[in-house]
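Below, each structure is written out as structure tokens.
One chain, subunit A, links the two complexes that follow: it is found with subunit B in the first and with subunit C in the second.
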Partner chain A sequence: MDKARSPLAMAMRRFICVRGVVPGLILLSGFVLVAIYAPLIASESALLWIDKDGWSLPLLHELFNRRSYPQRHDLLFNLLIILAPLIIISVLVLRRRLGAGFLLMSSIGMVLAIWVACQLPILPSHEGWRAPWRDRPGDAHTIRVWTAAAEQGTPPKAVFPLVPHRYDAPYEGAILKAPMRVNPVTRHRFLLGTDSIGFDVLARMVFGARISLTIGLVATAIAMGIGSILGAVSGYFGGWTDLVLQRLVEIMMCFPTFILVLVVISMFDRNIFLIMGVIGLTGWAGTARLVRGEFLSQSVRDYVLAAEALGLSRTRIMFRHILPNSMSPLLITATFMIAGSIFTESGLAFLGLGDPIAPSWGQMLNQGRENLHYAWLIYVPGLAVFLLLTSLNLIGNGLREALDPKSTS
Partner chain B sequence: MIAYILRRLLWMIPTFLGILMITFGVMRLQSNSLSQEMEKASGGEGGVMDAKLMATGVENYLARFRSTGLDLPALVNLRGFTTKEKVVDKLRRTARGPGVSEHRRNRLETDLWLEGHFLVEPLAQIIADDALAELHGPASLALSLCAYYPLNPDDLKRLSQEEQRRRQTRNFEVRSLRIDYVNTEKGFSTTDTDGAKKRATVAEFWKRNADSFSRSSQRWGAILGETGFCEVMGKLFTGNLFSVKRKEYVFNVISDRWKVSFTINLLSIIIAWCISVPLGIRSARRIGTIEDQVTTNALFLLWSLPSFFIGTLLLHHLCTDTASGRAWFPNRGLSSQDALWMSTPRYLLDLAWHGFLPLSVLCYASFTSLSRYMRADMLEQLRSDYVRTARAKGADEDHVVYRHALRNSMVTMITLGAGLLSELFGGFVIVEYIFSIPGLGSLLVEAAREQDAPLIMGSTVISVGLLLVGILIADVLYAVVDPRVRSRYG
Partner chain C sequence: MNAFKIALLAVVAVLLLIQVIDRAREPAQLQGVKASVDQLTVAIQQQVQETRKLARALESGRVSAIAPTGTAAVAAAPDGAKDGKPKEGVNFLQPYDSSAYHADQVGGTLRYLEIPPTSVNYLLENGSSTADTYDLINDTLCTNHPAHPLDWYESLATSVVITDDYKTYTFTIRKGVMWQKPPLAKRKGYEWLDKDVELTAKDFAFWLEMIRDPNVQCPQWKGYYESIVDAVAVDDYTFRVRWSKKEYTNLDMTLGLRPLARHVYTRFADGSPIPAEQVPVIFNKHWFDEEKQHIGVGMYQIEVFEPSKTLSFVLNPAYWGVPYHFRRLEWDGVTKQPDAKLVAFKNGQVQEMDSLLTPSQYKAEILDGGEPRFDQKNGRAGPFGWERVHGLEGRSLYYYIGWNLRRPQFRDKRVRQALAYAFPKQRILKEVYFGLGTPQVGPVNPDSDYFDKSLVDFAYDLAKAKAVLAEAGFVDHDGDGWIDQVIDGKKVDFRFRASYYGANPNWPKVLSVYKDSLQQIGIELVPDPAEDNELRRRMDDKDFDGLCGGWLSGLNVDFQQIWHSKFANEPKSSNYPGFANKRADELADKLRLTFDEPERIAIAKEFQRIVFDEQPYLFFRNAENIFIWHNRKASDNDQSEVLEGVTEGLDRYHPLYNRTKLLWHLRN
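Moving on, here comes the complex of A and B:
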């Protein structure tokens, strides 16, 4: 310990040393990796396809096809397949030259810019590569294609992903198949069975990770944004503003979030992004209260007085000076709030009030409740939610112990 | 103490009002505007619609939605101040013409027709005005709809027989006042041969009904009184909220349900406290031992376990018949089908048998976090100076823990418990849904699925009301436990 360390590095060190953080981080990064590389894990398109015309990479063509991945967040994740390693490498290389904060902010900015770019119709949108069994009803057709190719003496060689099934279309004649049964349409196995409509459970699980993580991040970002602005205004200005905002916060705190979200969702067409927005818009009260408390204690500190004496604008003092200094409690609540919003979304989907199209874990668990005899429909999504929540809670706990000066255990 | 409780009660009024406002606002957001309704009815957007057909649509709409206050403005009603000139202007804008979008025109027209009784006076003036001959047709149609007052189930309860009959005959009468007209690209033109006669009838009708449609006496009170918010709140508090989809009064539906939810929630909170307080104390006193570590880790894992997962798991393992035998527990409801014919002890046994699993799922969610808080707070108290003093004094350990530390940590626990209450309150919705318990939570889910706005409103308000009562009880307990509160308020 002879080397001088920055406070951030010291906090990081304390954070890593808290028990449970390392497994939590490993679990979480596992979920993130699955979410990012979902199409490479579960897709009907072959990774590599060799027939008499030569070889091709059908999946690569699919990845950026807007028609194959119509959900708004899917293209972002697909782009991250390539960008995530690049970002990590550049962070590792440039860590010494540029500050960690700069790198973090620029990566976040880049990802956001890409998300916006994904929504513009610049990426290709075509019919896409067709697996031979795409023409449903498939069984007869598939067999014809494969046997015809085999008779010609050039059976196509194909390398498929681990789960060679779609997540967004059910398979005919594959309702409630147990794990490891063969799909009559594609002659591949369902590793974790199918549900009551004929979807491959594992394929949907993999893409469900994307939904859960997006929900957690977006809803938390919205709630944190609103909460810190309102809390900052209320704590810094005080007086009437404070009184009114505190009443508002009190009302929101009294209103059970789950019921409020349920009421709002019930009134609209259910869309996964609307649900994210509503969870974010209703969950800011706790953050606002927390930030207000921080501002009350920080705004009498010397550095704030100095900034005021320098004549800096109020906005600048609030958001460039005080807010960064109250970051650590915010970070802790953010972690728990991610877990909370994931729970809320799965709960809604479990009640049958989620997005009917999105492959959400909660919705799959609801299928399990409706078909109680099929254990895999309950255990698979339930365990996934449980593990994701556990990993987030472990990390949140670690952050609290590392950053909170009060907890000394 | 009483001053303190009163103060808390008073603070609850704005909170409750705010919650009502939020719920009402959300309901309002959903309200399909009439033009959307009409489009749905006519099967597509932007079609050219016959005015008469649309008028029938408006009548149906009023009959269905007037009871929810959807035809009134949300918060401020300034309709009593619309002048004749403004109405003329609005009528002219509903004319077809080159470049006028049909969609927009329909919306303007239906909005005008929904303005209600305040518009009758200016419309009658327009019809009486010879200079506005081309507007007589549309004005008479608008008048017939503005004066239309469909009788709703709650009106039947409120109005006298005579008044009901009067309104019904008036409804028939206003329909006969319509002057036929065509709305073409060139504007309005009256086609009715009986036009002059009908105009005279309108004048006569207005004279006869002037007092019930007069604006000057009513418009000031209507600014705040005759709004959607007041209408809905009035119905809510008088118990007249009517669910059109279920064809029943909302509180009739809720009254069967809320007791179940209330009992279950109360029981689960009591059980959760009875488990978590001793568990937290035990864990804190044995800090560092294997027992403490096992408890802490198990509680942490349980805390991350979503209730809907554990509920479904219990259903799968304990409540389904398998090849090896019958299920241990029933999988739906709170009592067996033949519960009505059971003797009391058997009925209670049956109730316990049904209620055991839902109660345990509902309990565990709150008891995990409560125990964790209890342990953390107890640890903090046990390390504090006054505990050390008490120990130095020679007080025995049980006395220190239960008489000194526990009382102090109860203060924290009650504060946390009240905060936790609203956080955990969503839990009963999920649990009731899983085990198909006929309570408020499953009612809320049903209503949300059916998009039944009055029912959602009613059940939300009742559940939040129950929650507020819970918070109030926590506040009272807080005062009981903490002498500082009592002394501050005298």
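Moving on, here comes the complex of A and C:
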């Protein structure tokens, strides 16, 4: 006798079987991993540093330093470096025994403990590791520390990340270097070349993944949040509320989103979080319509009538009963919306309207447009955008097929 | 006997004839004598002035030995009065120079990329493209040499005499100069425009009358002419301007006056006269401007004008002076992006790039050999020519980052000096601009005589910057990696935003390198791009920390507009940093009243030393550009009229930028 399966497990099984979903998932996981572990892939600081004074972990100390990672989302991703494996292990191994909530809380606690530990001089602390992140190692300073130590006969041993360059350090004498050329300062190679400021393209690509994913998730979350609430209210209450809210939705839909975003961006600072907010705030109209449609059909179902008969509050009925039952179309839309948001940000940056500091892929494409003769500036970010959007579209497509009620049989 | 009488009568007749001829010659002889006396007077006056100057120089210790003088100097004196240097009581204009013109070399069409203005009425629209248009279609009373702006030449005025302690200017207007006839004159109903009208002094008076009339909306001009007492046409060829006070800047404003077509702007479209009191009101929206027409007395006249799209000119057949060698000029305003412009150039759509190559294009196309038609080493050898040009029309463009001195972190001059020490100027010039530019050290054009060569730039030195900041009180007190200080009871972290024009591709690069440098001494720089209007607002409201900007600086100097403290807190003034220094104010005021060149130079140099020490700006780069041109047609099949009849190559600078280089397109 077949083992009984939950509807979720059945949907998962169908999802995995859709063509293209597995490569899409692998690609997306790859991007997510690169985004989370970006500092371990591209950093000037050594992973491990051993010299005559002892050993140290410079990179670990740097992770929660605002001066090394001034972008706000970096802090979150750096937390995930430790949090992500804990969550995965918890979910896979200990879920049934201890309960997910407990595990989540305890892993957060652990991360906080590690963070605090990084701030206190508990780990070995001496100039050997402290100096590099204090005075930006890639420049002459590390070289000096290194050579001074070597001259004294005690060369330090160090393990560096794959890309031993910072994403935000313009290297002197390294303008528009082709891939595999040597950094005249650090003598490490630029695996994917440099751009017209002297930034390492690969290091920027790695950190650009963080930006792209953050934009996708934040903008989509904003749009989904606003769209769901307005759609729910509109669909559940109907009447005048519906009439007014739907006209509002129609007005929003009349605006060409990209142009609207362009206008808003040109009026304010070009902060990456503002850009995310603007993309989110201008993209909720479609979601609102979708949720309204779902609510219209669900609100006459028996379970809703039963909940109403029990005297549950409207808010509870809307968000605890109807909304979870309307999730499948939302989930599919969200996947495509993540792709759309990333695309919009890339477009903005390509037009020179992005955040000038953020290492976004669109910014890099913009540089490529200015320097058409330097192919790596176009192909590398272009390929990354293409792969990420393809993976998201494949997954969205898989979800649509898996959650389609007609295909359940 | 009869024969004797006849001979006697003949002798008397001959004597009478001789007498008559002699009488007739007398005025000419007298005039000759008078001219000699005049020349001698001028020579004596000049000699007296020279002697005074020498005496002053000796007093001030600038000159230690008397230069050899003698008969040669005295003999040269009459011509010396016309040396182009402004002086009182005599006509000092050098004669009009037409030597560079070759009538047999005229022809062809020069097409280039420049965005035409929205209107060509220079009084109402003062954009740079309107100014460029006006330079082509209209002339000024006098012109100055592009490379030596202190030398003045005849143009529409054949003489000027300054009197009344530099307050009264009297011009003699050139005779026989005719106004252009607009293309509109050929249309039905406008026949009245198709007649010859001679330029008179009244046309210059009309130009000033319009500027000074409160009903005419040209605020950008009014400020310059506020202190004029009157401007009158004494007769058709004599024009007089009187100022209420002596100021050096009045010189440029008066000698550079232009005529305005009075015979058009005082009439309705049907040719009937506009009542005098209505002229200024109607001028703001005149039918002639609405018809996209404009005329002048210059070398070119407008052929076709589509605001912001196209503008073409043809040579004025009745031009009084020396024109450029091109029969036609065409402006293409449709292609705007630098990349698209370069493609248009490569495809032969235009013969040269007015906007010049961007530094990254220079690197990609020439230095890295991206475009093989450019000869990397010898700019003139390839099918495409290129040349490094420094400055335009004697003016140079310098870039700066201006500090808002109203912000607490920038108040101390030591902090601003430290910011200069932390700026890797040489590296940025080399890596962002690929060598296109030289370091700028002060507010004066380095090519100018007023420039103080003794200024030694701040060398890049982070340790020194850190030490100077510590001396000024900025250290990392709280150990967060950023330096801070308590100012006015408030803790101030050294963090600032640098505002720049977002469409400029170079500022983000400059700021990225500077940011990296500042980060190492604990200062956080946030690049803050803004669109045109937003940046203008920030400048007007002084709402910025650091401002990335540029000034076009001529060879002459005047420090009031940018540096005088009376403008420090004016909302829309050009003193963006809010710079205020008592001694600098005194010097700026004194410079305005000083006409003596050595004295002016001394004042300017002292002023520069103050500004350099105070560092209200981080003076950054004096621009150099790459000018490119086609050496031959785009292809053999190209039937377009590429400089037909002139030459196959464009060799020298842009003809519009440098009038003295009229030979620019002739092969060596």
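Rule of thumb we're sticking to: the second predicted complex is superposed on the first by the 349 of 409 C-alpha atoms of A that agree within 3 Å, B and C clash if a C-alpha of one lies under 4 Å from a C-alpha of the other, contacts with A are read in each partner's own complex, and residues count from 1 in each chain.
One rule holds for everything that comes next: a contact is a pair of C-beta atoms (placed from the backbone, for glycine too) under 8 Å apart; a residue touches a chain by one contact, two chains touch by 3 or more.
Note that the structure is predicted; figures quoted are calculated from it, not measured.
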Subunit B versus subunit C as contact partner of A:Ile197, first or second or both or neither: second
Which of subunit B and subunit C A:Cys17 touches, first, second, both or neither: neither
Which of subunit B and subunit C A:Ser266 touches, first, second, both or neither: both
Subunit B versus subunit C as contact partner of A:Ala375, first or second or both or neither: first
Which partner reaches more residues of subunit A (counting touched residues only), subunit B or subunit C: B
Touching partner for A:Leu176 - first (subunit B), second (subunit C), both, neither: second
Which of subunit B and subunit C A:Met110 touches, first, second, both or neither: neither
Touched partner set for A:Asp168, first subunit B, second subunit C, both or neither: second
Subunit B versus subunit C as contact partner of A:Leu353, first or second or both or neither: both
Partner chain(s) touched by A:Leu86 [first = subunit B, second = subunit C, both, neither]: neither
Footprint overlap on subunit A, comparing subunit B with subunit C: 266-267, 352-353, 369, 372-373
Subunit A - residues contacting subunit C, complex: 65-67, 70, 134-136, 139, 168-170, 172-173, 175-176, 196-199, 266-267, 269-270, 352-353, 356-357, 369-374
Of all residues in subunit A, those that touch subunit B in their complex: 247-248, 250-251, 253-260, 262-268, 339, 343-344, 346-347, 350-353, 362, 365, 368-369, 372-373, 375, 378-379, 382-383, 385-386, 389-390, 393, 397, 409
Subunit C residues within the subunit A interface of the complex: 339, 360, 363-365, 368, 370, 427, 431-432, 480-482, 502-503, 505, 508-509, 511-513, 516, 519-520, 524, 526-529, 531, 534
Subunit B residues touching subunit A - in the complex, by the definition given at the top: 11, 14-15, 18-19, 22-23, 26-27, 29-30, 300-301, 303-306, 308-309, 312-313, 315-316, 319-320, 331, 379, 419, 422-423, 425-427, 429-430, 433-434, 444-445, 447-449, 451, 453, 456, 460, 463-464, 467-468, 471
